[in-house]
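In the part that follows, the structures are each spelled out as structure tokens.
Below, chain A partners chain B and then partners chain C, in two separate complexes.
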Partner chain A sequence: MKILKLVFRNLIGNGLKTWLNVFVLSIAFVLIIFMQAILQGWDRQAMSDTVKWEIADGQYWNANYDPFDPFTLDSAVSIIPKELVNQYETGQVEPVLIVAGTIYPSGRSMPVLMKGIRAGQQLLELPTSLLMNPTDSADIPAIIGSNMAHQSGLTENDIVTLRWRDANGTFEARDIRIAGVFRTFVPTVDAGQIWLPLDILQKITLNSGKASLLVKSKEVSVVPVDGWNFKDVDELTRPLRETLRSKTVGQSVFYVIFLLLALLAVFDTQTLSIFYRQREIGTFVALGMTKKEVMGLFTLEGTMNAILAIALGAVYGVPMFLYFAVNGIPMPSGTSDFGVAIADKIYPAFPPKLIIGTILFIILITAWVSYLPARKIVKMNPTDAIKGKIQ
Partner chain B sequence: MRFLTVKNFDKDKSTKFMDSKNNLIVDVNGLVKRFPIGFSGFFTALKGIDLTVSEGEFMGLVGPSGSGKTTFLNIIGTLDKPSEGRVNVLDKNAGTLTPRQAAQLRKEEMGFIFQSFNLLPVYTVFENVEFPLLLLNLSYGERKKRVMETLEWLGLTSKINSRPPQLSGGECQRVAIARAMVKRPKLVLADEPTANLDADNSHRILKTMVKLNEELKTCFIFATHDEKVISYLKRIVHLEDGRIVKDISSQKSELQ
Partner chain C sequence: MNKKTIVIFLSFFSPLLYAQNYPSGNSLLDKIDANMSSETTIMTASMQVNSARATRTMTLKTWMESDKKAFTEYLSPAREKGTKMLKLDNQLWLYSPSIDRTIQISGHMLRQSVMGSDLSYEDMMNDTPMQEQYNAVVTGEETINGRKCWVVEMTARISDINYYSRKLWVDQERFVPLRMQLFAKSGKQLKEIALSDIRQIQGRWYPMKTVYKDVLKDGKGTEFTVSEISFNPSIPGNVFNKSNLK
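Coming up: the complex of A and B.
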């Protein structure tokens, strides 16, 4: 208690020097927490959007289906298994047929994945009601994501030629009409993909009643089916998590830079303190403190900078965090070109683990940085220190 | 400076000490202090000192620079250890005390007054004087009472919230005396306390210390070569080249 009192007295007595340190450290605190919160919010949104738009509660994959090998697509289709027919009829399982094709927007060819899904399905967020084709148009209705629209230059109601090979290997071509462009932050349902009504795609590719994968609702349990492998959410989101992890490593560079800047300020002040305050150190010893107590005092003084920084950071950081947690941070257009799902607004997440963890980590590391120069005190000769002789 | 009587000063501790064995505050036998020089050499600063100092003495170690005064004072103050010989300070063997025991002894029983005052620059006068009491873990009420009493006694109540850079040299040294005296120590060690003061301030400070010595029976040991200080001393121990060459006692009991 007595040491704490002395520490506060010294810090307050140091005036501007203390507050400058505390301010710099508080900025580091707030920025580190904020950056981490953005990352966590981003990760959460990306994960949740991927589940809503693509995965639902897991997928049954045709045994031959390999999303990384387009050459297997032709052989990776089969009839919807009888074990899942009931679930299919009640909309608790949605089949998706995937076929490779080519479109010719503005006279250039562009490889695409044609994906057939039931018009009006409710399981995924895809706006498939647009595929119901209420007009009498003979063109096949299709929907595409905004990223795909940007890449192909297609807009709503555009007509474009689509070419594919049917199940017998015969090339076919038809005009399709872009019935809608949807905005999603999940690149895997957007980039290079065209969504078509399932029944039409099955018919034109001679794959009647067949699908490449089946998306499962969480309302039904997994059923073992021969020739189909069930992939749960954890497995299906693994590539996304790996991408996010690599992004986190990149962002850690900022974390380290902020932290180093803050610690440098503390270390610098501590080192100078011990250099310039030798007479004070000697006086403390003469008045009855042991050298170890004085070392503890100086270490605590440095550490207290971090504690004051938390208090100061909380004053302006908490309102800022609350504002952005509620209103989100607008992302500039084009950020989805990074290849990771990015919403137009990211809502930072501030889980207690992040805040408490960051605070503890910074306090510990500040204590260590304060302790390093303070160790010199133990080696000081108090009789020289009293006279202010540089040691 | 006002000269106040020691009306409110607590004399209990001093009275209690009157009953202790032989009233000896310092008892030194065959003290030798060597400092290493270079890789293998030594410089001997004190060469076999024998000395006793009793309770209530107002004595000085006098001698030219390099005679060993400060070294001797540091050893008595347990800030340094003897190389040889026995140094008993307040019934404790200074040579065998652990750093914690030595700190405890300084904290409870000793006061220090330095040539450069050594006040804590960021503390106010009140906080500087309060510091030794804080180390003794006294309650705030007790600390405040004692600090105010001491500051009043030294005529510093108007400077209570000032910081050392705002004070004159004489005021700084009075604050240093207040800090040394606030815990009612049995022994005060003063190393060249007037070296940074003008003649007027030196006399005022010395008169204050004489008064404290007479009324509280606090033992003062000075290290000095200042004639002004010497003129106030009741006992003068001359040191030359690490040895005591003269030990003169006088019966000065009145203020100069």
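Coming up: the complex of A and C.
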């Protein structure tokens, strides 16, 4: 306790130098937590939205289905397997048929993926009830995402020509009516895609009873099916996680720079302290402290910077964190064009693991930086130290 | 027989009586195929691609043997010069000098546009005589560019075909189509083809200029102009060899 008091007194005695170190370190501390919290919040929102809008509890993919190769889409369709027919009839499995097509908004051609899904399905958030076609219009009802609407210039009730090839390769074209524009933060159900009623898409592409993939509800278990590969949520969200991880690495550059600056200041202060306080060190040894105890005292003194920084960071960081956790951070418009799920607002998440982990990280790294110059004490000659001789 | 009965009789049977004056659709297709197809052909042509942003013109030379073999070499511009395409039955290879590689174009890649034009590789490869693909019926007469034409409506007789139906305006004297419309199964028109500058070459009439237009999008389409053509020349067999691509 005495040592702690002594350390604290020494630190306060350093005056402005200490507070400068503490302030810079606190900025690094708050910044690390805040940046990580934004990414964790984004990650949580993106995962949750992707599960709700696209993958539910996993998907059965046709063995030939490759989302990165649109040229193989026509050969990646087959009849809904008999093992899943019961689940399909009870709505616990939703088939999606995917066919390549082209739309012609305002006289220009735009390649699209035509995706057929049952009108009124409940498994995914897609507003497929709009596909029920309540009007007597002969046009095929379709829904599109807001990003797709922006790219194509289409709005609700617009009529646009859609062209595709049926299973025999024969061109077919019909007018479709945009029955609704939905807002989602999942680009993989939005960009370049048009959602149509499954039965109509199966009929017009001569793919009766066929699908490219089947979305599974969490209420049913996975059944092995020949010719279909099951992809669980973990596998399906891997690309998203990898994207977020790469963004984490990119962002960490900023706070690593801040942290380095803060640690450099601590290191510098420690080195100077040991240089200027040689007589004090010699006196401690003369009074009976071992060199290692004196080294521990100086290391603790440096580490105390981190503890004070955490306290200072909490003073201005906690209200700031609370504010953004409640109100969210508005994202600039157009960020959805990045191809990653980004909501209008990101609500940072502050899990205890993040806060405790960051505190420990800062304390340990500051202790290490404080220890490095303090090692010199062990090599000091106490008599020379009392005399103030430069060693 | 009262007046009303006569009117009904005439209105019901007159198209049939009138139709008897039309040539049969299939015989017309025979004449078109005889005019347009030959055992071998060598052609030099230019292709002008009019996109929304720019116009590009390419010149090319093609050697063809029936509908099975074709070899095309792009002569200009510098960017495309040396690009070669070889078609053997249903297979197509493309050699690109910029990457010094030969690529086989197959499956759905065949549906992609050729050099950004309104034509797909599949369109270019499809030289099968129309008679084998469509049932044709002559439905009327119209005048196109001052030439009297038969209007021929064609419906696919096979399922594996790009365009389900076509409408042709065929010159009544020269048996060359002057206009073609290509339709989707739903009846929606997809493409419009205008053929002009009809010249007599080696005793047959041939359209030297063809404009392909995707009617669903804006733009002037793709103009294909033949500058030189010879029918039934002798072509050495090694022209249609893959080693000729590099």
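Operating definition for what follows: the second predicted complex is superposed on the first by the 355 of 391 C-alpha atoms of A that agree within 3 Å, B and C clash if a C-alpha of one lies under 4 Å from a C-alpha of the other, contacts with A are read in each partner's own complex, and residues count from 1 in each chain.
The working rule: contacts are C-beta pairs under 8 Å (C-beta built on N, C-alpha and C of every residue); 3 or more make two chains touch, one makes a residue touch a chain.
Note that the structure is a prediction, hence the values are computed from the model and not measured.
Peer 1: Counting only touches as set out at the top, which of chain B and chain C does A:N168 meet: first, second, both, neither?
Peer 2: The second partner, chain C, only.
Peer 1: Examine A:Q122 and indicate which partner it touches, taking first as chain B and second as chain C; both and neither are also allowed.
Peer 2: neither
Peer 1: Would you check which partner chain A:T90 touches, where first means chain B only, second means chain C only, and both and neither mean what they say?
Peer 2: So A:T90 meets neither chain B nor chain C here.
Peer 1: Just checking: does A:E280 make contact with chain B only, chain C only, both, or neither of them? Give me first, second, both or neither.
Peer 2: first
Peer 1: In the overlaid three-chain picture, which partner chain does A:S109 touch, first (chain B) or second (chain C), both, or neither?
Peer 2: Second partner only, chain C.
Peer 1: With both complexes superposed on chain A, which partner does A:S48 reach: first (chain B), second (chain C), both or neither?
Peer 2: After superposing on A, A:S48 lies clear of both chain B and chain C.
Peer 1: When the two structures are overlaid on chain A, which partner does A:N157 contact: first (chain B), second (chain C), both, or neither?
Peer 2: neither
Peer 1: Let me test your reading of the model: by the given contact rule, A:S208 touches which partner, first (chain B), second (chain C), both or neither?
Peer 2: neither
Peer 1: Is there a shared patch on chain A that both chain B and chain C touch, and which residues make it up?
Peer 2: After superposing on chain A, no chain A residue contacts both chain B and chain C.
Peer 1: Which positions of chain C touch chain A when the two form their complex?
Peer 2: Of all residues in chain C, those touching chain A are 52, 107-109, 111, 156, 159-164, 182, 184-186, 188, 190, 214, 216-219.
Peer 1: Which residues of chain A touch chain B once you look at their complex with the stated criterion?
Peer 2: That would be residues 2, 5-6, 9-10, 12-15, 279-280, 282-283, 285-293, 382-383, 386-388 of chain A.
Peer 1: In the complex formed with chain A, which residues of chain B make contact?
Peer 2: 70, 74, 77, 79-80, 99-100, 103-104, 106-108, 112, 114, 116, 118, 120-123, 127, 131-132, 134-135, 137, 179
Peer 1: Taking the touch rule as given, give the residues of chain A at its contact with chain C in the complex, in rising order.
Peer 2: Those residues of chain A that touch chain C are 70-75, 100, 102, 104, 107-109, 161, 163, 165-166, 168-174.
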